């Protein structure tokens, strides 16, 4: 058999892109396709992510294909870097656009994205958003670049138009506590924009004394709120800003930490550490303790003001100091490590775990906690919900492993619904579509195995896509 | 396509309940069905569980469907609680039966059990024990309640009759060391009851000085045995009670611990800690050390008296203090955490790991130890056997993951056989049936992949169901 | 249905050995078979293993089937031991060969190897190397022994002939730093032997002061190299030996450690510990710190001399002291434990992680690190490559789990290629064949799911088998 013939045979067997991620087994696939069809056109509810509100306020056309799809996405740039591409070629130090040269780098490294989540998002974005079926190669690179570039100049590809054509109903941004949220206010008051763009309160840098900007940030916090520079004033200032977010439609507060280590230090000890933190005098252990205490305080505030608490622990940020110093954070070298919830989150749950209306969504990049800790916690505490597989785990196989790990203990109804957590706006429909396909495939298997009745499967997939995110995020 | 039509299509594709848990692929399913058929009617050997001997001694009809199937099963009540049901409605504080109202709560929350192990047990119990195919809904709740209730009043549903019709050959209970075991003696001497009901020695609370009842329990232990209140006397007293259990047919001693931390303190230091433990004077670290030493002493006793040692580590009990204070233990908030065997069990294996006749069965709720630690340990030490997937992992997908994790290192013959570990007597046949189906499905795949010969697969599944539990538990 | 009939039915459904490990689903299998066929006859590149160069220098016939296939393979003997075989029967203390008696022990325990990796290697070695399809039983044991024994006496089964007929292109051995490597030199200069047999620098015992032979080994190291007995001299001596290995074709240095704990102690502190280590005066913690520092020094040397650094952490060696004392190391009781890379390897990557030409291959026996740590590290650092699933994980199901765990984050091109890591020379073709089949099956599924294009799949499997090991190991 010649190589040519083999490839033809292989090609004849591949399924249509419309059937992507569907199970191969015919009986299971039939059920999965019906389940998927029932939610394929459901609105997109995106209660946690990193697209900016400014994008929709300005509503100007996107820059160029490279900036839009390559250099702004550190999932893509990190894999290029791993495969030998110099960041200088993606982020030129003279500030010039990486442009077509970087696009050709992507093309020449495209085979290295095969099988990855990033490769899947990009491939589907090419196909579904831009209608490009041709594979990206060095030969096709210019053609594809031009095809995307010319579409980006048209009115259908401006941010608001895409927001509508993607069927986005709600999109949450992630914001600094001192953000004035004017972009959100403008969008809310703009009668021509019917989507909901909500802010999310993300106070990490204001809670962690080991953050180099901590002292300055707290200065600004007090300045903005007019609260006293005491621990009590600091808590009130944070409450003020949460109230500001709530007034602008926020439904959740997001907490990204390294080690999860929630502790109740008591008001006196916390106040003492606060005073010394303001002078930059805490040891690493004290900083960690203070941050752990502040997560508890955030829980207390959520129990009062109703902001859903989302917790994203277990990532060592900026692993490569040299890269961080030259290119800053979010440049691809945040590396997960083993995470522990059972003991570490207990002080929080002891205090607010049974409080009516309290919602806590737990995310993990350490898969081992899904069956061992998160599902059992969410399988008892009414306040605890299981976050969608996050970051490195937001991918087809990892997504199925997630469902297999949590469902037998917690069922489907302790889940937050899918969360895209992305700054790549164009990948949002493909990400939600992937989640729907995976859930359809997973449910179809359970139907075939006699573990879920067909009528239940139909209800469940609809609830996963629409009911649960609305309920869990109080939308 | 209307919703109605879709559901009909889905319904037409679902397999018969008789084929539940069988693989969808036709070739694999054919082999799995043949393997399953060869053990479907094998007797049930249940060497570890939580049904009481009193149930069979009294042999009175079960109370009512709610008490039998809902409120007595903390796997069921915890998921209701997570989904917003107040424990007060399941365990009324005035002591009144939860009754039909709680049954309706189950019905209205039934969709939240889809895909869970508990949902599967209940669904199969309805179908296989009570012949009810109809799905539990708020509309069908009364009908199903009545159907079960009327059957429970008949002679075929009294405990001994079910013991026989389920095909139970051996059933082990779990007992306090001071239990007189009279119920077991009565059953043994009752010519009309042919099953074997064996006690299991469970000394946890007598080995852990941090248990609030420790001092009082040891008082009673010495009082009952007449041994001196010294460390040596304490060891002798425990040996006395083990002898009492052995006389009543016990084959194993069960050890449930939080952190597994076996240590040899030496007799002198252990005696010193014992003296202070009797006065309630140990620190948390000393309590843990003493308990770790006592596990080693239990191993020494097992090496002498032959009781199989089963070890169940890695669960933080009573995670929610408020729930514990109001409803007690075993109320759904025991949460697993990361477990380590390799170093922690070494002192025990150094001493008795190569002792002829010594049997140690290791259970885990942390799946990561299956391929990493338990299979390698059982793949060398003749004394170490791999316990069935336990608690949160006793479910279809987790069961297959378990087989995939341990078999390539340890094969099938280092396994303890299935253990139901349940207090839900009516779910016992369904649980064992599930294990047989999963093993059939797993073996069928290995046959199809050319990794196990068909004749071997037939032998293996028979050995898993009958030979291994008899051998490992010395039945 | 009688047992006989059932077995016949089962037998009729099993696939041909040529289709072993292929997926059952017809569409996926078709693609997998085409992919596999494209690399089935590719040369074997084995850049890390434990076969000796002396075997090929001497090129004398293998001893006997028992020594060749049973007693020299501690994967096989450990499982016999677990199932009750006395090591005395496998390694007689009078030094006599274990012979036919041990072969019969294997036969009578053969069913206990069903489903294991070792069982698969042996079964395939019987079939593919010796042409024996018959199953090993007590009845067939003598026949199979004789069939193998008579073949071993023929010229086609001498080591060099097998090297050729197996299609081995490169085979790396593992060597003590003081090995003169004469065997390698002889093979290199022998015009009648065309294969490449390369040494690997394995300095573990020279870096770990807690090793009982440390002081004596360092004595010999200095004696051999003539370097001064100072920390600086010690580093130079190690560099001398690395140079010697490089001159003899070595491409990598291998580092097997228990806990991975790389630390930069600074030259002064390291020198101080060295001085005391030479007198055997280090505490356990100091030994560990020194070893951690020396791994960093090895990294620095690799950055200079180009030897690929392979790291194999996370195994507690010689778990059973009694067995170790009687039978030595590598006797089946090395047990893995939880491993952590993210923080522990950071000092090394901070220093050489971005150095051009630096190659570090990370291996794990703790599967949890694949998706959590190793893939993210290899998905950013150009120097980090993902090692093949190792030891207990070098097996069909574990191999697929590995691909599923790493690919979505790191793709296929951050992988080292397959590594057999074996001392069982006859199993080498079967091991590489297994890896090719698993990769074909995995890629076929991605093709069917629309995640990898057929043309890409063809390129990827070829690169996995040939391009990547050559590139990663600088062959």
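Per-chain residue numbering starts at 1, and chain names A, B and C are given in the order in which the chains are listed.
Following the convention adopted for this analysis, a residue touches a chain if its C-beta (ideal position, glycine included) is under 8 Å from a C-beta of that chain, and two chains touch if they have at least 3 such contacts.
Computed from a prediction, not measured in an experiment: that's the story for all the values here.
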{"item": "Given subunit B and subunit C, the chains that contact each of them", "value": "A"}
{"item": "Interface sides of subunit A and subunit B: same vs different residues, half threshold", "value": "different"}
{"item": "Centre-of-Cα separation between subunit B and subunit A, whole angstrom", "value": "38"}
{"item": "Sequence positions of subunit C contacting 2 or more other chains", "value": "25, 338, 368"}
{"item": "Residue ranges of subunit B touching subunit C (in the complex, touch as defined)", "value": "25, 27-28, 30-31, 34-35, 37-38, 338, 340, 342-343, 346, 349-350, 353-354, 368, 371-373, 375-382, 384, 404, 407-414, 445-460"}
{"item": "Residue ranges of subunit A touching subunit C (in the complex, touch as defined)", "value": "1, 3, 6-7, 9-11, 13-17, 19-22, 24-25, 78-79, 81-84, 111-117, 119-120, 135, 316, 319-323, 332-338, 365-368, 392-393, 395-398, 401"}
